[in-house]
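Presented below are the structures under discussion, each in the form of structure tokens.
Both of the next two complexes hold subunit A, though its partner changes from subunit B to subunit C.
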Partner chain A sequence: MHAQESRGIDGNPVIQFEQVSKAFGSLAAVHETDLTIAEGEFFSLLGPSGCGKTTTLRMIAGFERPTSGRIRLDGVEVSTVPPYRRNVNTVFQQYALFPHLSVFDNVAFGLRSSRTPAAEVRDRVEEMLAVVRLPDVSLRKPNQLSGGQQQRVALARALVNRPRALLLDEPLGALDLKLRESMQAELKRIQGELGSTFVYVTHDQGEALTMSDRIAVMHRGRTEQIGTPQDIYHRPASAFVASFIGNANLLRAQVVERAPAPQPGGARLVVEVSGLGRYPATATVDPLPAGPLLFMLRPEAIVITEDEPAQGVAVAVTITEVTFAGATLRCAGRSDGGATLDAAIVPTAVGARPQPGTRMWMSWQHEAARLVPADSAPAEDLPAGTGAAPTRVPLTTPTTPARPAGERN
Partner chain B sequence: MRARLGHLALTAAALGGFAFLFMPIVVIVVFSFNQPVGRFNLVWHSFTLENWLHPFARDDINATVWRSLRVAFVSMVAAGVMGTLVALALVRYRFRGGALVNLLLVLPLTTPEIVMGSSLALLFLDRGVERSFWTIAIAHTMFCVSFVAITVKARLRGFDWTLEDAAMDLGAGPWRTFSRITFPLILPGVLAAALLSFSLSIDDFIITSFVAGEGDTTFPLYVFGAFQRELAPQVNVISTALLLLSVGALAASVLYQRARLR
Partner chain C sequence: MAERDGGHRRPNRGRLAPYGLLAPGIIWLTLFFLVPLASLARMSLSSKQSRFDFVPSFSWDWANYSDVFSLYGTQLARSFGFALAATVLCLLIGYPLAYWVAVHGGRWRNVLIGLVVVPFFTSFLLRTISWTVLLADNGTVVQAARWAGLLRVLRAAGLIDGDRLLDTPLAVIGGLTYNFLPFMILPIYVSLEKIDLRLLDAAADLYASGTSTLRRVVFPLSLPGVFAGSLLTFIPASGDFVNAAFLGGTRSRMIGNVVQDRFLVQLDYPGAAAISLLMMAIITSAVLLYAKLLGTAELA
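After this line comes the complex of A and B, so read on.
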């Protein structure tokens, strides 16, 4: 709905979706999706469980046929082409290594399927095992390898065929945190070295933000937004994107005043924020759709001071909660109007250290405030608290801060 | 003290149970070393290796053993192929009538053999099919298919079908996917099922007796028929050898599967 190509894509389009839908019975797993993935891009499909990421990937690979719409690979319509005739390869979530074949034979499988001469098979397999830094294990069976090594074999087995696009379905899901982080760097290195197109499925927003050139945020089978990590983080096209990527304060708001001329990056507006008052904000989509709107402010954009600051916009709050969160201090404050704002501040030796119950000022640069549409998803989909209270950890059990009665939408 | 006695009693009871179960087999094995007096190898006379040194001394017995082996081989191959395909279809695909096929598979296992045998005999008679080696093979294939399908199905339950996706993703068409990935992985199950069907076929008596032609006596039919006239020690020798063969095959398949798991 608010899917938008926030930035032009350089390079040839490798994968194109035109109004692609996939239904399982009455369930629309993927709904009227448009996508263009360019050559050499690291493209992520990001979204909560069940949003249709795997289905999208399986349609690219050829395991599922779209119910309607068209898929093109290198401009050629492939919607009915079987997987073994498509020049894309997949890294499966559980790797799906062939247990009865050695590492070498696993990696060579694709080349042998395409009847590559034996000498070339040997060279390319060895070259690829070197790229994924797995020398000396080529005679072992997959079950004699560690999880991280199996991951590399799966990667080599797919990449050795020089696919037009490599499809990865949560490839790091089974690894522990440390290994995950080093494999993230590995994947980026390999992608850079080979210059291949990667389509990467993940439900981990941090992973998507750090690794991707562009991200498609999916929700309930729909693409909510497509853009660079910066776009998606700073200019979320919907309340869902705002709360799924990072944390966000989301408060119900109404437009009071429009700037006379539209400005780059969205129109500057003055909005009436429920429980806060009138504040400037920038719309993330233009034109704004009819329907409810939300005022969005990232917790880390908020500064807390004892006195009213000279610059920026500010609101007086009573601090209700202070939580230590490692590098940052999370402070919740309630405005006189009853709205709750979450701030993440970096405590300094000299700065004010908020205490619960004290009166403080929360301020921010007016560019940091955004106005996002709230209606892109049915209301019950939004994390609890949207509209009146900040959301913290979206889509897990929502923590519901105390909020004044009558403030709920 | 009490507990010890109880333990001893339990052990004795267990041993007694086993003795009861295995006594007939022991008798067969022991009497394969007997030097019989007269035509019946029923009374212990003296120990000899003579029977084991000349197991194929009796041409009439040899012919029946050879026929039994051929029937078992044909039905093993036929039931192995068909049963495996049935199992693959049932596990891999959801289709209308799948539940019915599942039920029909169990039927030959639960139907009394005498019912199956007599109905088959009637069927052949009605259709004017002359009873022969091939009617035996068809009958054996029929009940072995069920055993094979059920055994292979059990093996397939834990099969990771994403391996097939992975093979196709790597450019392997349906045939290459089956021959290089699926089949090698289910082979142990198929072999175990084939061995089972071989041993079921080679000792079948009731069904065979209904469908065997006049001159197509199998080994079990021969033993039963000869029982009234004579009991050659070669029967014991060959029975013991068959016993060793099937126990050996069983052990081999267990050891093989253990080795694969490691």
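After this line comes the complex of A and C, so read on.
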């Protein structure tokens, strides 16, 4: 388990999970999770289906009670408080708009539950419909609206109650790609305008990366990593995170040389990569756990040249496959040692044109190469057999890795 | 067969196909509904010229209609009263049952709803007659009710007279409720079962408590079922004569008994026809009014 709270959180904690577990019968959906979500934050719960992210969200909303552990809302324990007494609101996956009520009445539902005076209800509903840019449809029924419009109504219906946190359960899943992209921007705009805390559940890593302040990557009921999008992309704490967020070349590796002192950006190591040779790499977690390690390289970090480059780290490969992928060209190359590396290059007029069968050089900046622990990733996702004891051995002098400044937006 | 006709004739045949499909229904309804209805209407305006006149002749005799009110006003009002009471009782008993099965029935839902239909495997007549045994004077039910002081309460409410349950308005209303309950439960169940359970989550998320959710979300969404169930109960109940015949006394005769008596015993066809048509007219207007009140026209 490599869950790590990456850095200090600005603002007051709104939602806190303390060792929260949830089991359905014998099935553990969420396992001993610690989370702190701060006021005004756009926080994403990211993971494949069945990873426990929706259960986590439903526990915040109050639809599920944790089997053990505590959930706090503004510092007050709410683990057993029913949903209708919690000041959080949800945007449901299929919106769950009331089909018998007009858009206005849908949005007014929560305010009327809390016995808000009629005049105030009207003002706040109209104000919120303006915020989500849906002023002219208040008398229509949900089934007379397009998917994008229904999405906005669901958002208004939740936000009009001024919740301490807005919970969004894959809200854009039902929309087509173009609409989804524009709604992503819309959500960010609305969150900025209102300054509310958003907790966003998604399985779409692109969506999580573009929208979130911080992301919790979940896998099999556990939080694999919590951090900023940059953290998670560049310094994945596990092979699962590395392969789930973006694409990654993952090759078995062993440490041959350790840095004598901590380096900026994590411990610099020299590793023996199977089928590739000795290369420098930076560990993403410190201390590294005992057990198998993987050398990680993002395909887009690789440059392909015909001649051996003067700078950086390089390996000679035979190009085995070239696939057109729109903006990029995906090339697979096999090293003399038998390792396969995938590269995503942007074809330019002057650059090399890899053809299958040709000899080329693949090179990268040494900072791009990472060393990640393989233990918590499922065996079937990885090139090699994994599964190691969760004990950790210190790799360098145990200090918190310093991170380059200015990476958090 | 289609090959023999040749491809070029198909478009024409395609255009006639819908009428072909409708034809059996149209012919059936014309022969067995429209024609009898017209003959009933004609009969209702006929009269016997003399006592010995066997076949009444058509004479624009509107008196048949005014007679209904003057002679059978009580039975008419009683029929609608009993049917209304039975419908309300069915709703009160059936709605919670349907709700429970739809929301909490889980994988037993179909079995549970099947049980509701089980009584239909026995004849309607037989089931009603069995009630006469159950409610018999000095039977277990009467004795238990007397012991519990229930008889006194019912007597005070005017639902029974004397010391018996049989041959009382209460027994007729009870019989009607019993016999038509499945017709209330099934449509309500269907409409409740269609409700997306996530709407209940959404209501709870928007601060609505259980009762508030029931009132503001579940009940409005089940109105089509309530509407259909009420009609399926009220209409046959108001025309029913079996329950009144077996379970009711002279004080609980319904209009159905009058029609049966006029047609089959007194052979007063014009009078019976007039009552029947009037019932149709009243029920149709009542249904339209009900639909208007419930606002179900656009929902259904």
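As a convention for this text, the second predicted complex is superposed on the first by the 377 of 409 C-alpha atoms of A that agree within 3 Å, B and C clash if a C-alpha of one lies under 4 Å from a C-alpha of the other, contacts with A are read in each partner's own complex, and residues count from 1 in each chain.
Quick note on the criterion: a residue touches a chain if its C-beta (ideal position, glycine included) is under 8 Å from a C-beta of that chain, and two chains touch if they have at least 3 such contacts.
Predicted, not measured: the structure shown is a model, and the values here were computed from it.
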| task | Mind checking the superposed model to see whether subunit B and subunit C fit together on subunit A or clash? | result | clash
| query | Given the touch rule stated above, what does A:Gly337 touch, subunit B (first), subunit C (second), both, or neither? | reply | neither
| said: Just to be sure I read the superposition right, which of the two partners does A:Ser114 touch: subunit B = first, subunit C = second, or both, or neither? | reply: both
| field | Touching partner for A:Pro280 - first (subunit B), second (subunit C), both, neither | value | neither
| task | Show which residues of subunit A both subunit B and subunit C reach, each in its own complex. | result | 61-63, 82-85, 89-90, 92, 94, 96-100, 109-110, 113-114, 157-158, 161
| request: Report the residues of subunit A in contact with subunit B in the complex, numbered from low to high. | output: 61-63, 82-85, 89-90, 92, 94, 96-100, 109-110, 113-114, 157-158, 161
| field | Residue ranges of subunit A in contact with subunit C within the complex | value | 61-63, 82-85, 89-90, 92, 94, 96-100, 109-110, 113-114, 157-158, 161
| said: Quick check: in the complex, which residue numbers of subunit C touch subunit A? | reply: 196, 198-199, 201-209, 212, 216-217, 220-221, 299
| request: Over in the complex, which subunit B residues touch subunit A? Could you list them? | output: 160, 162-163, 165-173, 176-177, 180-181, 184-185
